[in-house]
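The structures considered in this document are given below.
Each of the next two complexes has subunit A plus one other chain: subunit B in the first, subunit C in the second.
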Partner chain A sequence: MMEHADALLPIDVPPPRPARRLAAVAIALMILGAALCALALRNQHDRSCFAVGWLWAFCFVVSISLGSLFFLALHYLTHSIWSVVVKRVADMLAASLWLTPVLFIPVALFVLFPNRFDLFPWLGDHGDHEIHVRREYLNAPFFLARGAACVLLWSAFAWHFVRRSVRQDRADAAKSLASLLRMRAVSAPFMLVFAVTLTAASVDWLMSLEPNWISTMFGVYIFAGFTVTGLATLALATVWLRATGRLPRSLVSDGRLYSFGGLMFAFVSFWGYIAFSQYMLTWYANLPEESFYMVERAGGRWLGVSVALALVRFAIPFLVLLPRRAKMSPRLLVATSLLLIGGQLLDLYWLIARPYHSAGPAIGWQEVGPLLFCVGLLGLFVAWFVSRYPMVAAGDPMMEMSRRFRET
Partner chain B sequence: MTRGDSILAPAPLIDGRLSPRQLDDDIYRPLESFPTFRWWIAISITGSLAGLFAFCLYFTVSRGIGMWGNNQPVGWAFDITNFVFWIGIGHAGTLISAILYVLRQTWRTSISRFSEAMTLFAVFIALQFPLFHTGRPWQAVFWLIPFPNDMSVYQNFRSPLEWDVFAVGTYGLVSLMFWYTGLLPDLATARDRARSSLARFLYGLASLGWSGSARAWRHYEKAYILFAGLATALVISVHSVVSFDFAVAVLHGWHSTIFPPYFVAGAIFSGFAMVASLVLILRKMFRLQHIVTLSHVELMNKIIIATSLMVAYAYAMEVFMSWYSGFGPEWFQTVTRATGPYAWAYWTTIACNIVAPQFLWLRRVRRSPWLTYPIVIAVNVGMWLERFVIIVVGLHRDSLPSSWGMFFPTWVDIGLLAGSFGVFLTLVLLFCRFLPTVASTELKAVTAER
Partner chain C sequence: MDNVAVKPIGVVGLFDSPDALLGAARRFREAGARRWDCHTPYPVHGLDDAMGLKPTRLAWVTIPAAFLGLLAAVALTGGLSVIQYPIRIGGKPLFSWQAFVPIFFELFVLFACVSTMIAIIVFCRLGRWHSPLHDSDVMKHITCDRFAVAVQTGGEGEMSDADVRRILEQCGCSEIRPLVECEE
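Then we have the complex of A and B:
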């Protein structure tokens, strides 16, 4: 919190350089993933599993990028000082939202060809009179329009923030300042757009898979999970960039990691609070029209997934991150981040796959294919970004202030 | 300093450069001077209202709960509305003192002490309503607090009302200890500055013999951060448990999973509105405009608009989900709120809580006490009505039209509502006379750090 009056040495910005190993691994994952996806398209059963897997992988990648975009907007909105030194990491992951319009295309195809993929139960005529959804909301054209609006708006906002941020690197002080003030001004309306689009997306892509179920908390639940995932990935990327010398250790000290740990701890607690409230209220009221969602996930082999979810997403990270020292330890932070990212995969699987695997959780190669492909694509994007842009936002007018900032 | 630095640097914590001595002089002046004429006028008005509160309580106890407008089917009305409203008011205090402390927001220091005190008064008032709703408050301790008895009769631990006893009780106690811990160094300052020996003795007693030694400070800092951490969790849990009073019920309009965070956001929203409506007057009355600056007003207004939007999100989700579900009774409840006999309350809530705060998008409005004032008053009204809508509208039209009914408040209901404000403001006025309203020691520390 305290600031020193003495002058700081100029920052030594490591120039961008290619991340060949990451790119090679990413390409290998993509090729393997694409091959599995192609294999899965052959027959009806594999295609259905592929559709489930694609939705799973798509939502996972969106959670990383959108969580990072939220972090970035929050950074501007709150005039945050500590996070300026890691701003470019958030820029990088938020920019990966540009991939989402492409990744959304298969989801659109699932909706356009319901007989071939059989993903959304509200599509087509199943003769299931139990489904009493609002057809005026859940229909193919409106669904596609909403989805397209979401991914395009996210991409546009990511474009706005990231393009201005990288331009600051070369701009003069006055331009940089104007740019920063502009981003701050846009960050507030972005939050409104974010709340509406994230809720619409979570209802469409996740909640409507069991169209008879509703929970007014659902959007908040998804938001909590996305934010935790974004933060975990940011922390992971920051430690990686620091270890590979792209982010100077003088800029991001272990002490600076404390803020990541603190925020992560806060959002882990928030997720636990939201998940508990949603579950407890459903359980307590025990109304058949809504409790079935929890009942079917609390029986048989799905119970294990539900319990694991509570442990991985809340109990373990909460206890690990509670001590002050843990928040500053890069090793513990990486371990917790990996656990939380795994938790997001588990959570999305818990939300998506239950209707298709009522006997018990099962992950086949058909589901793994899309995941490998999407994660590979994200990795390739990261490799491209680090080879092109410096990882230190040296042109940010707040950089000096951020470097002087000390965790207390 | 470049142009950028002057724009980007955080606003100063206080206007102008004050020595620690001058700061103390300004903060302790109300304690050390004879009350002004205006103070006497104010306390006589609020004191009369507090008297009305006591009279209405007496009337309630002597004649029975039938003096209230509560009936079948509206079994909860003004009492629980007031309870939730006052508990909510307390939230801003804990948010400012604990959550903003954990988030290292040093600007909180100028308003933290006052809002913490407000929390305690609000919780105290809130407790009166469920207590007196039991009908025989002097026996309520046996009904509410579990302890062994001959009849082996125990509380129903499955009832959220019983959870309330623990949630609110813990919250009240931790808030009290937190507030008192923070007050210790300032009480010692008041002791050291006191001119009469009685005041020196009393402030000395209250400060627990604070010596200001390094050891005392070390313990103090540890205790403070510990209480802040506990209070952060409690401020979330207490209003969540209050929301469970409604959300666990199988009643359309009450059972909604978003209730816990929605209630917490609403509580912070109404609490900040209350802090703003009092602080704007106090900073003028006690000439503290350089300590509670326009930047503070602006920051408070930013929190008000942020929480207003969260509340708006919750309103929107309730309407959307009741429509999306295609479930008749849920949608009927939504339509009843908007078009039924209490539609005026619903639309006033929307106007006060959602529409009015939108003016705070403008920086000019955020930084103007005069333009802020009507907005925060509107929010106070709106948040009270919001609880009224949830409770009374939810109850008055059941699934069976044969059991529909209306609620009309009696004069006792209205007297208790008005009187609760009287008690609250009386306590605030007394607090301003006898205790430092600004955390002077902490303010000195954070301004020195800057």
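Then we have the complex of A and C:
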């Protein structure tokens, strides 16, 4: 009856082993995606569609990795206990930020060769006064500098957290503790850097596609969505790692999934609140320079996409995750996570593709190519990470406390 | 206190640690105790499982009440701005749902919260002047530093006094008292 006070058995850490099937699927996706990208580069029309698709895929990968890095920093900042057992999953997805400097290169090329890709409208000379006055901020060199600063800062912070975390696996107790304290100290300034870089990145990569439009809530709108996507991918990866025996079931019980479900539910509600607030303020003020953005997305066949967005990113996951038991059920959590990840793709499409498909939502092979390539690359990275590092952060000084933690 | 009759209705055991309480709770669940409860100064993780408590029925009050609130909000905003005072403002439609969503949300939450609070009061039978816990003088312990199991005995299909005392003693209980109820 005193089992809670007893010492816990040592963790049986499953050694890292290759994920051959994931790697094979990922490589197949990459080859198919690369072939479609190469085909799309041949003529002007396909090239423009490819640029839209690449930005879409790039932002999607960033949403997963950056959402996970935010989760990791939140974990250190709040001295969380429950999440120590799944910390390495967040390490893994946050480490995939190392891919973003490479994936950003095509975006840089779109800006450097505006005549060939025609993605960002503020690059050309339209004689539009509104765009002209924004030139001091929206110009190619400054844009590239900001973009490079964002992806490099994120990669550096991911390097800081992940490298220390995997070194803890073999370090002695004193070193592990020192490392933990250092990561906690860095997590606070990271949050400030994160807020500024994410806002700058979302304005540059998404809002500037319609350079006449302004919304001061845009940064937090993107943040809410990215965090949901990060959490959904983490939950998905956790269930997968547990099912394949890389995370022991004794460590990550269904009860532990409850915390993922709870956080996801909170951020789904937050996204709904922010998305509606942005829409309502625009609708209420009814200023032509703001409202056109919502009007063009609420008319014709784009209305369907807008309504689907509200259902997929808010209404359905909110109702599904409401009961307590739903947050503990791996099956429901996986289904909701997939829905939310699909919602992120839809959201980014809603933001990016509207100016290029004014007749109605449409998607071609030129846009699917980059997505297949980028998702394949992310899959390959995950396969590499699980074959290289154990999925249990056994060296974390808080592991013992985390194992004793109970949700109910 | 002269004309107060004290009626024994069960046994209460006081524990000094939450772990001992969890052990006892498991034993009483297995022994098939019927009217019993655990009392702690703070939420003890794992106690619901140890007691084998079923999920709460509160949601069956909260959710219908919340949607009733939503309906009330739609009726309120729609009724006022479409039927009773149809005034067009800023060229917007009479039923401008965008402007009413905050009201929908507020009444949704208000109905959910108030109904949940009332349901808790009813379900927990709060609002009595005193309870057996006061009468047995254990309230001051369970709101401060000790953990208690209170088991009612002697009724139909219930455990006997001796059985309860035996389990409590086996579980490391630090003090056993009769659970009493005052009758005025």
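Note that in this section the second predicted complex is superposed on the first by the 398 of 408 C-alpha atoms of A that agree within 3 Å, B and C clash if a C-alpha of one lies under 4 Å from a C-alpha of the other, contacts with A are read in each partner's own complex, and residues count from 1 in each chain.
The working rule: a contact is a pair of C-beta atoms (placed from the backbone, for glycine too) under 8 Å apart; a residue touches a chain by one contact, two chains touch by 3 or more.
What you are looking at is a predicted structure, and each value in this text was computed from that prediction instead of being measured.
When both complexes are superposed on subunit A, subunit B and subunit C end up clashing with one another. Shared-chain residue A:R406: touches subunit C; no touch with subunit B. With both structures placed on the common chain, the touch criterion links A:P397 to subunit B but leaves subunit C unconnected. In the superposed pair of complexes, A:G219 makes contact with subunit B only, with no contact to subunit C.
Residue contacts after overlaying the shared chain place A:Y284 against subunit B and subunit C alike. Applying the stated contact rule after C-alpha superposition, one finds that A:L9 touches neither subunit B nor subunit C. Once chain A of one complex is fitted onto chain A of the other, the partner contacts of A:R325 are limited to subunit C, with no touch recorded for subunit B.
Ranking subunit B and subunit C by residues of subunit A touched puts B first. Within the superposed three-chain model, A:R134 lies in touch with subunit B and out of touch with subunit C [touch as defined at top]. None of the stretches 92-100, 128-136 or 146-154 of subunit C clash with subunit B in the superposition except 128-136.
Once the two complexes are overlaid on chain A, the subunit A residues touched by subunit B in the first and by subunit C in the second are 1-3, 284, 286, 408. Remark: subunit A residues 1-5, 276, 279-280, 283-284, 286, 323-325, 405-408 touch subunit C in the complex.
On subunit C, the positions that touch subunit A within their shared complex are 19-20, 22-24, 26, 45-46, 48-49, 55, 59, 90, 98-99, 101-102, 171-172. The part of subunit B that touches subunit A in the complex is made up of residues 2-5, 7-10, 104, 106, 233, 236, 240, 244, 247-250, 255-261, 309, 313-314, 317-318, 321, 323-327, 361, 449-450.
On subunit A, the positions that touch subunit B within their shared complex are 1-3, 79, 81, 132-134, 137, 173-174, 176-177, 180-181, 188, 191-192, 195, 199, 203, 214-220, 269, 273-274, 277-278, 281-282, 284-287, 289, 397-398, 400-401, 408.
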